[in-house]
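Structures for review follow.
Two complexes are shown next, each including subunit A; its partner changes from subunit B in the first to subunit C in the second.
Coming up: the complex of A and B.
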């Protein structure tokens, strides 16, 4: 028989007859694809963005020279004197806040004539040297002559736009000398870009340059920093990506369910077609084509939807990248043909793969089944006890996988453990469903009446369908609760940590743009001024520098160890007391490192770190490791005295002020603000700083919740679709019940009870699985990806409310199917079949 | 007055009459058999009699009320109290045991002592030992006995049976017919049964012959000598 005819009879006609259900399936695939695509696009745009921020005007530099604390101007002089035709471009790089819009933009000092190719005004090159003059990138949108107020570090001033520079993005540009003055760089540069002539291979140039550079300078091929940043972001993006696959996974379940159901319903029809000469292959092909059609439609819709969702995602992802990793201004979202085609391919692939088992089953239907009327036993092929054993085996395998170390910094075995555990749970579901629904049938009937009894019987009666539904919904619920538990635990851990860690009364930082990799500074005399205030007991100055350690960005900091020792509360990871540890820091090349740093670089207590500081390579001994959750780049902390010895810039990045016991906080705060009048300094009380930190924390995890919500939404849509199919399949039964005296209300209640039971089973299975998954997330995946230890806490309120919402939504999803069931005409449906 | 009265009842399906001006009285306790060729309107008449369907014109009076005048709720109550149905294809719920199938109408109507009553009815159809079985573990004749027990469990005044022996061999069919006849006698249940079987016509109090939706003749074989 012609394949087209089979395809039409078995597939297209039913798809069309049940348009709503087909539409639900397409929407399921579309949402799954959309989420994956949105995260990919947003991640790429956020990761790509730092390239476009500081590296504007990068030109074609082949190498770059950087150093912690700045590159001395002598280095530039030394390079100029080399007998090679290098093109050297010195840079000062920082950020400024545009006062009017509160936007953070790159602020660059460059050699205006040589580098930016700007035209000097009438007054010649002198114009570049005048303070108060800036040039702006075209995207900033100002015209020459505009006045702009900018905050840099702790100062704010008005500037005049002298010109617009092509290809500089939103950056604000001045000549080197004014930039150095403004930013207090002294004679240091932040970076020297070097173009080499093509006469020799790059590695030869590299060794020539390296020989010419003093110790402590970092020479890297261009793009190395971008690479570093991408590597640093890799774990973050991986985890987001994995989260985005959940919705797709849930979608796959539902496709499997839908195709299984169509196979079960059309068994007889398949039998007839086989008896009439259809081949196995054409039956297989027909069902796979159904899946492919759904997948194709879903994929196309998903790409369109994903492009829209990417914009919303980007805002969330970029905010996280900015506060946890690296300064970024999001790049535009780029939906390329390749990505679009990949998205559609994912839709088709996921559908076809999930449809494969039921399609194979369909192809095995033998012609005799055409005659096998009345045996509507779907569950002949269920091997629920064998599956349970298999599931247990998978769980054991998951346990083993969870003990493996990360692979190239990625918790691949952790993800594998998650998959194995989900697989195990899915295999255990039929046994769970059959035991629970049989066990509850009698009790449910006694408590809730005959409707509940019929509902639980019918769930147990079509075990396969029920099991797949419960599997899909419980997977979504499990991921929701696992991520909820993980984030809740993390939040609680951070709250407790802040309580111990933030002991000062007031915290000060410059109003200039701060970020994980930006450390604007306060004027050098700030601490001295504060110390003169009567209410102030102690002032701790903290200075941070961006460094690169083992090819990954990190933060180097100096803090007053005596004060930290006096006020410190939180024990170190080894259990050591703060007072004892901080006493060992001053006057020695000793450092403490944060837990993420230690985990990322495999550093242990007693190890030695070699750091290039102030033109020398210095060896520091790691004496302790401390818990830290402020960012995952990692900190190396030494005493302020030690830091000043190697990098003698006295400006602090942050200042912590401890008030005298009994001093009034408000008064102290006012006194501090008065002492710093005229400077742009932000003063946080202990409480407001914590609140701000938690706000950033919540913003960071907003995307996680959004992804979870989509997965749950997909699952609930699947429940609605499946219940609709169930109503259509069992219409004869509902008709019969009407003959036996059931009211329409009773019919409606049966279906709502079924949804309620499905939801209950899914929540029981989901929370149990979710608990196990959360352990994997907390103790394996998060630890291996980000390096921090999270203490386990049950986020009871959040979890309970999320579960109730999901439950309510599941039952609500049954309203339409139950409406359909009440509108069936009993005398029409009773003789069907 | 009659338990069931058809008063000039017509039923049109897209213009074509399935019942055409049918007037008929069924007295309490009577065993009435409907015969006629396939498509003559037997099933339609039963549906209309059981208030599962309604006449296009004319009226059906069941137990003193006009069925088409009742609300949805009242109809449900009428079905729960007055009517029992038996089908050609048994129509047992596959996910319920035999006993549970029989209990079902009582449970739906929220009547007390459902399982005792159900067991009692199973005893009447000699199926009391099969209460725990599932429907697929029964033979066709056994299934139909269970279906009859279910139709009678709430002691309806009227039992409507649409070809109850149609799916059974003739010996089993005879047993089922005898069973129905006994029940009608003992319990004063009125039975209205559509059938093709000749034997059925012989044991009935009244035989109604339909042709193209009209009552062709009404015979009372048992009342003869």
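Coming up: the complex of A and C.
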């Protein structure tokens, strides 16, 4: 028999007859592919093609010189005299806040005079020397002559746009002279970009440059910073990517289920076709082709949908990257052909692989056997105990995998443990379903009536189908609860940490959105003015610098150790008291480091860190490690006095104000605000700061929730599709029930009960699995990827409400199938055959 | 209007006035009290195989701000512009480039204490004891390292210490030249190193306001004859096409004695044109018996700067005396820019 004919009879005709079911399957694949694609595209735009936004206008330079606290101007003078045809570009780099939009954009000081030599049309020195002149990148959208209000550090002023520069993104550009004056940089630069001629290999140029540079300068190939940031973001992107595959995994379950259902339903047809001479291979081919077609349609739709979803994802991902890691301007989303083809291929592959087991089964249908019904379900019955044992074995393997160390900084064994655990749970599902549904059948019948009993029996009867559905839905629920428990625990941990950590009454920082790698400063005299306020007991000035340690970005900070010692509450990880530890900081090259820093760099108490500071390489002893959840980059903290000794800029990045006991908070706050005299400073009370922190926390995890929601949505959609198939499949049964006198209401109730029971089983299995997965997430994957200590907490409210919504959605999803069932005309269905 | 500009400039800067008392080596270096200053090196060189090169290395300083506030590190008080060119006469190539810098931490400058004039790694280091200069200039395409030794003492051009350029007090420059610098060193071009020797010429001028509005440009000649004498002439052109009466020159004999040449004692006649530039000339100084033809093998020695276009090139001398020199023609293809003219 011709393959086309088989394909038509077995596949195309049913596909068309059950358009809704086909559409649901395509949508399942499409959503799975879309989520994966959206996360990939958004991740690439936000972080992958990532360049720190200050890299704008950096061009394709070969090397760069940086130094903690700035590169002295004399270094540039030394380099320009070298007898080589280098191109040197000194830069001052910082950020400005656009007052109108509260957006943070790079603020760059470049040598506009030297560039004038390179760019015709750029006029003489007088124009860029004039105060208040700025040039802007094209993306900023301003025209020459526009007036723009900018906040730089804690000062705000109006500027006039003198010109627009191509390829500068949104950056604001001035000459070195006004930039240095505005930012109080004195004669220091932030970076010198160096282009070298091709006449020698790069490593020779590197050693020539290194020999010319004084100690304490960091010479790195250009883009090293970008590389560092990429490395830092790798774990974040990995976990995001893995999360995005959940929806696809759930989709795979549902495809498996749908194809299985259609194989079971078309057994007779297959048998007839086989009897008429169709080969096994052509039957297998027909079902795989069906899956491939659905996968192809789903893949194409998924790519289109993914492109749309990527825009929404990008906003969330970029916000996370910005608040937790590094200031970045997301690149435009780039959907390349390669990515699109890969997306479609994933759709086809997932669909074909999921369809393989049922398709193989279909090919094994013996012509004679075609008439016999229900044998396959019996098979599952027979194997469920064996599967349960296999599942238990997988769980044990998962336990073993969870004890393995990370591979190349990635918790690969952690992910493996997650997969093993899910696999184990899926294998255990038939046993669970059969036990539970049988157990509940009688009870359900007694409490809810005969419809409930019929529903339970029907589920237990078609065990295979039920198990797959429960498996898919419970996997989605498990991931939802696992991530929910992890994030909830994390949130609670952070709340408790803030309780201990934030002891001051008021916190000050320069206006504008905060970012992990941006440290705008307050005017140097701020603290002195605050100390004169009668209500103020103590003022702690904190200064932060961006540094690179062992090829990864980190933050170097200086805090007043005496004040921290006096007010500090939270013990160090070793249990040491703050007062004792902080007493050892002043006057010595001692530092404390944050837990993420210690984990990332394998630093222990008593270790020595070498840091290039102020033109020298200084050795610091790590005396303690402290718990910190404020960012993932990691902190090295020393006493303010020590920091000032090496980097003498007195401007603080943040100021913490402790009021006298009994002082009125509102009065203190007003007095502080008055003392700031028009500077652009944000004053947070202890409460508002915590609120702000938790707001950022929630924003950070919004993407995680969104991914979970999509996975659950896919699962619910699958449940709806499966129930619909169930109804169509059992139309004879329902017709018979109607014939025997069942009302349409009873039919409807049977189906709703089935959905309710299915949901209940899935939730029980899902929460149990989710609990185990959350342990993996908290203690293995998170620890190995990010190095945070999270205390386990049950986020009861969030979890209960999420599960209720999922449950309600599952039951609601049954409404349409039940409607279809009630519309069956009993006589017709019974006489169908 | 012009007067006001002049008065404004003179509020911050000195004008070049007669009676200036020169003192060397101090006056070889920076004069920040004058608005404009340049150190101009040109020369004709030959490698051991006879391959001919010409070079130009010029350091310009233009005062742009003389505010009362002390300058911060990156403030631009002076713009330092430098032009560098190599004429590969037998290779038929003219390579040129320029750079702009501020003083900053020592990116460019001219310093008696350090005895050098520099803009980045283009620099001239003096040895004040031996009166020799080490010159270095580096470009990705070529570079040279030359040792210059003065065979004659510096020449002060004009009358009473000023080289008058237009009608009016202060419309003049202080103008000093080394007219015969024995030159040896290396030129690197396209990865090949050439050992070269020859003669260079150095002009140093500082002033605040020299040309007037009716002047459109100039033709300037520095000629080094094989008999050990040199001739410097400049012809200022007026917008109406005539030669300005303030055109002048200086003749330096073999022993270093100078003769000032007024407008009516010499004539320069343009010949063949390359683009707008007359690249061939006949120069006559009847009182000295000089009647020479200037020709060039490389007519494309036009320096196209971002701010300006002018012709500055090596020429050969034939006729009553033989030798080599440099010819500069400004104001043909583009007006003389404000940085020079102010």
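Just so it is clear, the second predicted complex is superposed on the first by the 802 of 833 C-alpha atoms of A that agree within 3 Å, B and C clash if a C-alpha of one lies under 4 Å from a C-alpha of the other, contacts with A are read in each partner's own complex, and residues count from 1 in each chain.
One rule holds for everything that comes next: a residue touches a chain if its C-beta (ideal position, glycine included) is under 8 Å from a C-beta of that chain, and two chains touch if they have at least 3 such contacts.
What you are looking at is a predicted structure, and each value in this text was computed from that prediction instead of being measured.
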Query raised in the report: Which term applies to subunit B and subunit C once both are placed on subunit A by superposition, clash or fit?
Result: fit
Query raised in the report: With the two structures laid over each other on chain A, which partner does A:461 touch: subunit B (first), subunit C (second), both, or neither?
Result: first
Query raised in the report: After lining up the shared chain so the two structures overlap, which partner does A:449 touch, if you call subunit B first and subunit C second: first, second, both or neither?
Result: first
Report summary line: With subunit A at the apex, the angle to the CA centres of subunit B and subunit C, rounded to a multiple of 10 degrees, reads 150
**Report entry** First (subunit B), second (subunit C), both or neither touched by A:827
**Finding:** first
Query raised in the report: In the superposed arrangement, does A:533 touch subunit B (first), subunit C (second), both or neither?
Result: neither
Query raised in the report: A:739 contacts which: subunit B (first), subunit C (second), both, neither?
Result: first
Report task. Considering only the touch criterion stated at the top, classify A:395 as touching first (subunit B), second (subunit C), both, or neither. Result -> neither
Report task. Once the structures are superposed on A, label A:294 by its partner contacts, choosing first (subunit B), second (subunit C), both or neither. Result -> neither
**Report entry** Three-chain overlay, closest Cα atoms of subunit B and subunit C, distance in Å
**Finding:** 88
Report task. Take the contacts of subunit A with subunit B and those with subunit C, and give the residues found in both. Result -> none
Requested in this report: Would you mind writing out the residues of subunit A in touch with subunit B in their complex?
Outcome: 375-377, 445, 449-450, 453-454, 457-458, 460-461, 732-733, 736-744, 746, 826-827, 830-831
Query raised in the report: What part of subunit B is in contact with subunit A in the complex they form?
Result: 47, 50, 52-53, 72-73, 76, 79-80, 85, 87, 89, 91, 93-96, 104-105, 107-110, 136, 150, 154
**Report entry** Of all residues in subunit A, those that touch subunit C in their complex
**Finding:** 72-74, 76-77, 80-85, 109, 111, 113-114, 116-120, 124-126, 129, 175-177, 179-181, 186-187, 197, 199
Query raised in the report: In their complex, what parts of subunit C are in touch with subunit A?
Result: 64-65, 72-76, 79, 81, 98-102, 104-107, 118, 120-121, 123, 136, 138-140, 143, 191, 306, 339
